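In the two complexes that follow, subunit A is the common piece, with subunit B as its partner first and subunit C second.
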Partner chain A sequence: MQKNALHILLADDDEDDRLFFKDAFEEVRVQTKVTFVHDGLQLMEHLMTPDIKLPDILFLDLNMPKKTGKECLIEIKKTEHLKNIIIAIYSTSSSEEDIEDTFIEGANIYIKKPSDFNTLKKIINEVVTLNWHYHTSGLNRDNFLLRLK
Partner chain B sequence: MKLFIKFDINTICSLFLKEKLEEENLNFSTLGFGEIELDENLDIEGLDNLKSKLAPFGFEVVENQKSVLVQKIKDAIIELVYMDDNNNFKSSVFLAEKLNHSYGYLSNVFSEVTYSSIENFIILQKIERAKQLMLVNEMSLTEIAFLLNYSSVAHLSTQFKNTTGITPSAFQRIIKKRRENLK
Partner chain C sequence: MKLFPKFNSSNSLRVIFVIAVFILLFLSSLGYKHNQDLNASSKVAMHTYEINIQLERLMSAIKDAETGQRGYIITRNSRFLSPYIYSRDKVNTSFITLKKLTADNPVQQENLRRLFKLIIQRFTSFENCFKYSDPKTYDKRKLDNHMFGGRILMENIRFQVDKMNDIEKKYLDRRLKIYDQEISLSPVFSISLFLAALLFILLAYRQISKDIQRLKVFNKKLLISSRLMSESESIGKFSTWQWDLDTQKIDYSDNQYRLLGVRPNAFVPVQETFLDFVHPDDKEAIAASMEEIVTKKHLPFIYYKVLRADREIRYFKSTGKLLTDKQGSKILLGINFDITDEHLLNIELQERNDELEKSNKELASFNHVASHDLQEPLRKIQTFISRIPEAEKAGMSDSAKDYLYKIEVSAKRMRVLIDDLLLFSRTNTTKKEFIKSNLNELAENAKSELLEIIDEKRAVITVSKLPKLSVIPYQIEQLFINLIGNSLKYSRPDTIPEIHIESEKINSSDYPGLLDQNTRKFHKITFKDNGMGFDPQFKETIFVLFQRLHSKTDYPGTGIGLAICKKITDNHKGYITADSTPDKGSEFTVFLPE
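Right after this comes the complex of A and B.
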């Protein structure tokens, strides 16, 4: 499907969650290269590193120490060279208000953190496939909104 | 002042591609569907050069035959979805006739290359068109359901929700607030 691996950046302070994602990405059909950061500050430092290869998709935990996912989201959307990154928020919250709020701030995807591995794999497959369609079929990224549970 | 601009991606891409190929002094004819016939045979170096000139603009020279077919399927689906009087077409018949392969074959190749089905891609495109009609043409869901051949507004709403996870009205609300935020 893709000649080059898809670059995924994952920001999460919980080590178990990071491992969970890492294992899931290893099992999806599309080739991916996953990089991890542990909190919001580290994420922004990483993204601001000069000449860095920006991720194709950023998975962002809403609830992180030092700088929350939402603060990062707002900052990224305000930064010219970062604002086109596809952002997938994931969180344990399923409050309608939180969800709409993050979409309004510019998130493309909202994922309710699943508790089992197969659901996570299914979600990741769906995100990656849809992202690829948006990439290759001239779809308008401004209208790319997806909520998964 | 705020202007909404409607554009045709096909025209833009064709014009742009033409300009780039002329810049490279290549003689060519277009065969439609993103297919181009060059008058001369490029060597590997020439082809790589062309690829690198086109790549920054999102153009990719497709080499694998199956990928070529998938791109043709996608283009045909987009054509079908954006046709305003497609009442008489069944998508499987339309694709099979247009591309001269059985639908079963097309469907297998599509799934093999994209890991998703033709049916899903058609729904995705229809929902994208619905989004566009909602935002740019400010059409009501009833009008959109009629234009896109849904049996009812409820059917369109359900498919919208199943595809995007959010309802059409939430989608409209989110995009509207986003635009207000940008002001």
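Right after this comes the complex of A and C.
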């Protein structure tokens, strides 16, 4: 692993989804280091571990046991040294309510889990190559939900 | 409050009556006085005649004495002396009688005294005549003197008697004259008084009969309104009561007794038992309310339970008012409504409402299940299929390839179904925010949403000027998407699709069977296409969920799109209708209230 590899953290309780995610990252050209946590509680423990290298992008599933993605999001944004982590919501749900809530709580992008592996690869490619500085400064309700061109 | 019409006539009647009574009293006292006068006059006349008779008797006694004396002097026969002797007694008797009769008249007494003196002188003269006619003491000159003197005395007596008679007669005449005067005045006077009294009585009679007539009319009205009141009380399940605070008399209407579960007038309501029927739970509050009426003069509605004698609980709604009449007496008025039926209905409604809320919540959680949990395995199926590399697919048998393809198609269809179903239920459950929106803008949004298929089919869509309405914008946009999408989907293969959207303002009265007549104006928006159309017999059923007119192999679809349209127009208190001529085109009409 190279030192300048992109640190990716995926919080998802679904084993299959983690598998898809892992496979997809392996096929992406960008150098990445992917870490997985299985639920919200584990996620928060991981982030709170002293001297840990914080992820560059956190992919956060909403529907997780023990602590939901939304709760984690709120907690992260309240914690001083975590609040600048880029958070990509990664959920099956596409309900207006979930999108609206996570936007308000400060997530950076909302990704609806695709039902096609190729699409997933495209999404991941898009997200890891995104100019976050540019994206975040121009963030609004319309471009919050990721749509592939 | 004016309960009864005023009868002013009762006062004037009283005046007339008093006047008539006074006139009659006056008349009868007048009659009595006349009678008295008549009596007095006849007494006076009697008195006069009596005096007259006594005087004549006196006169004749003296004359008898004179005659006797003469006879004796001539004949010296003592038999002639007897009248003379008796005459003295007669004179005395008459004199005493006369003295009594004239006791009230000093003038006549004086005259009588003079007369008596004259008579005594006359009798002295008789004695002297006897003396000088006696042969023993005969003296012709003295006899002559005395005889002559007697003669003069007799004339004086006669004169005196006449004088007295005259006085009496004059007195009588005067009395009779006064009486005549009075009696001649009174007949005209009393007859006119009598006529006046009669007139007054007639007036009073007229007034009375008029009043009676009016009373009859009002009585009838009162009777009708009291019947009406009692009928409406029993139909409307309410009752009234009055409580006279001065006399502490309480009156219940008949229905009050019935509402309390007893027969009318089954007991006499009194203050102490007034709250007996109130359920123990509410007694304190009601007692406080009763106090409140007296201080505040009226009472807002109070709700409480009533416990009937048969232990049945009824629900009452009551109000009260304090009335003060002109005389200052205070009357409490109360109205009770038996709202038990409504109350029970309300409870039932509340229960149903709770049930509905519960089932709504269940529906919402079903939505969540559908949106997340059902999609997850489906998404995985699709992802796993997509992970099978093309190279490996090529090595499969034809039937395996076919099955794999069919799995993929079914999964896709299932996704569409779930998405549409979610859309449908969200149309109902998501919050409905009405925002004033330009429908032309929403139509443009819908067109850009459908840009791909519009371009593909080279469809022509014209949108005339649409109104600005207060709507749920994303739903109306969905409505446009679904209707335009529907027309594009069912276009004729060999024809360029044309869709014309037009709008006009209409009165609900123009569509009586269809539109809600309480909303006067509607906007009618028509979507007309030149597609394949459908059999008009299905124009109602196409809006029903999962109803499809075509097989899904010909036209993929879920049968939810038009049901969503229907739901959206329902949400806007509007309507949607469809009509069509097969192979010519369809027309969808949306009515939205202004």
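Just so it is clear, the second predicted complex is superposed on the first by the 127 of 149 C-alpha atoms of A that agree within 3 Å, B and C clash if a C-alpha of one lies under 4 Å from a C-alpha of the other, contacts with A are read in each partner's own complex, and residues count from 1 in each chain.
The rule is short, and it goes like this: contacts are C-beta pairs under 8 Å (C-beta built on N, C-alpha and C of every residue); 3 or more make two chains touch, one makes a residue touch a chain.
Fair warning: this is a prediction, and the values are worked out from it, not measured in the lab.
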Q: Considering only the touch criterion stated at the top, classify A:Glu15 as touching first (subunit B), second (subunit C), both, or neither.
A: neither
Q) For A:Glu26, is the partner it touches subunit B (first), subunit C (second), both, or none of the two (neither)? A) neither
Q | Of subunit C and subunit B, partner touching more subunit A residues | A | B
Q: Check whether A:Leu130 is in contact with subunit B, with subunit C, with both or with neither, and answer first, second, both or neither.
A: first
Q) Looking at the overlay, what does A:Gly106 touch: subunit B (first), subunit C (second), both, or neither? A) first
Q) Mind pulling up the subunit C residues that touch subunit A in the complex? A) 371-372, 375-376, 378-380, 382-383, 386-387, 411, 415, 426, 430
Q: Could you please specify the touching residues of subunit A with respect to subunit B in the complex?
A: 1, 29-30, 100, 103-106, 110, 125, 129-130, 132-133, 136-140, 142-143, 145-149
Q. How about subunit A: which of its residues touch subunit C in the complex?
A. 14, 16-17, 20, 23, 63, 92-96, 113-118, 120
(Q) If we count contacts the way the header does, which residues on subunit B are in touch with subunit A in the complex? (A) 9, 74, 78, 113-116, 121, 124-125, 128, 131-132, 135, 164-166, 170-171, 173-175, 177-178, 181
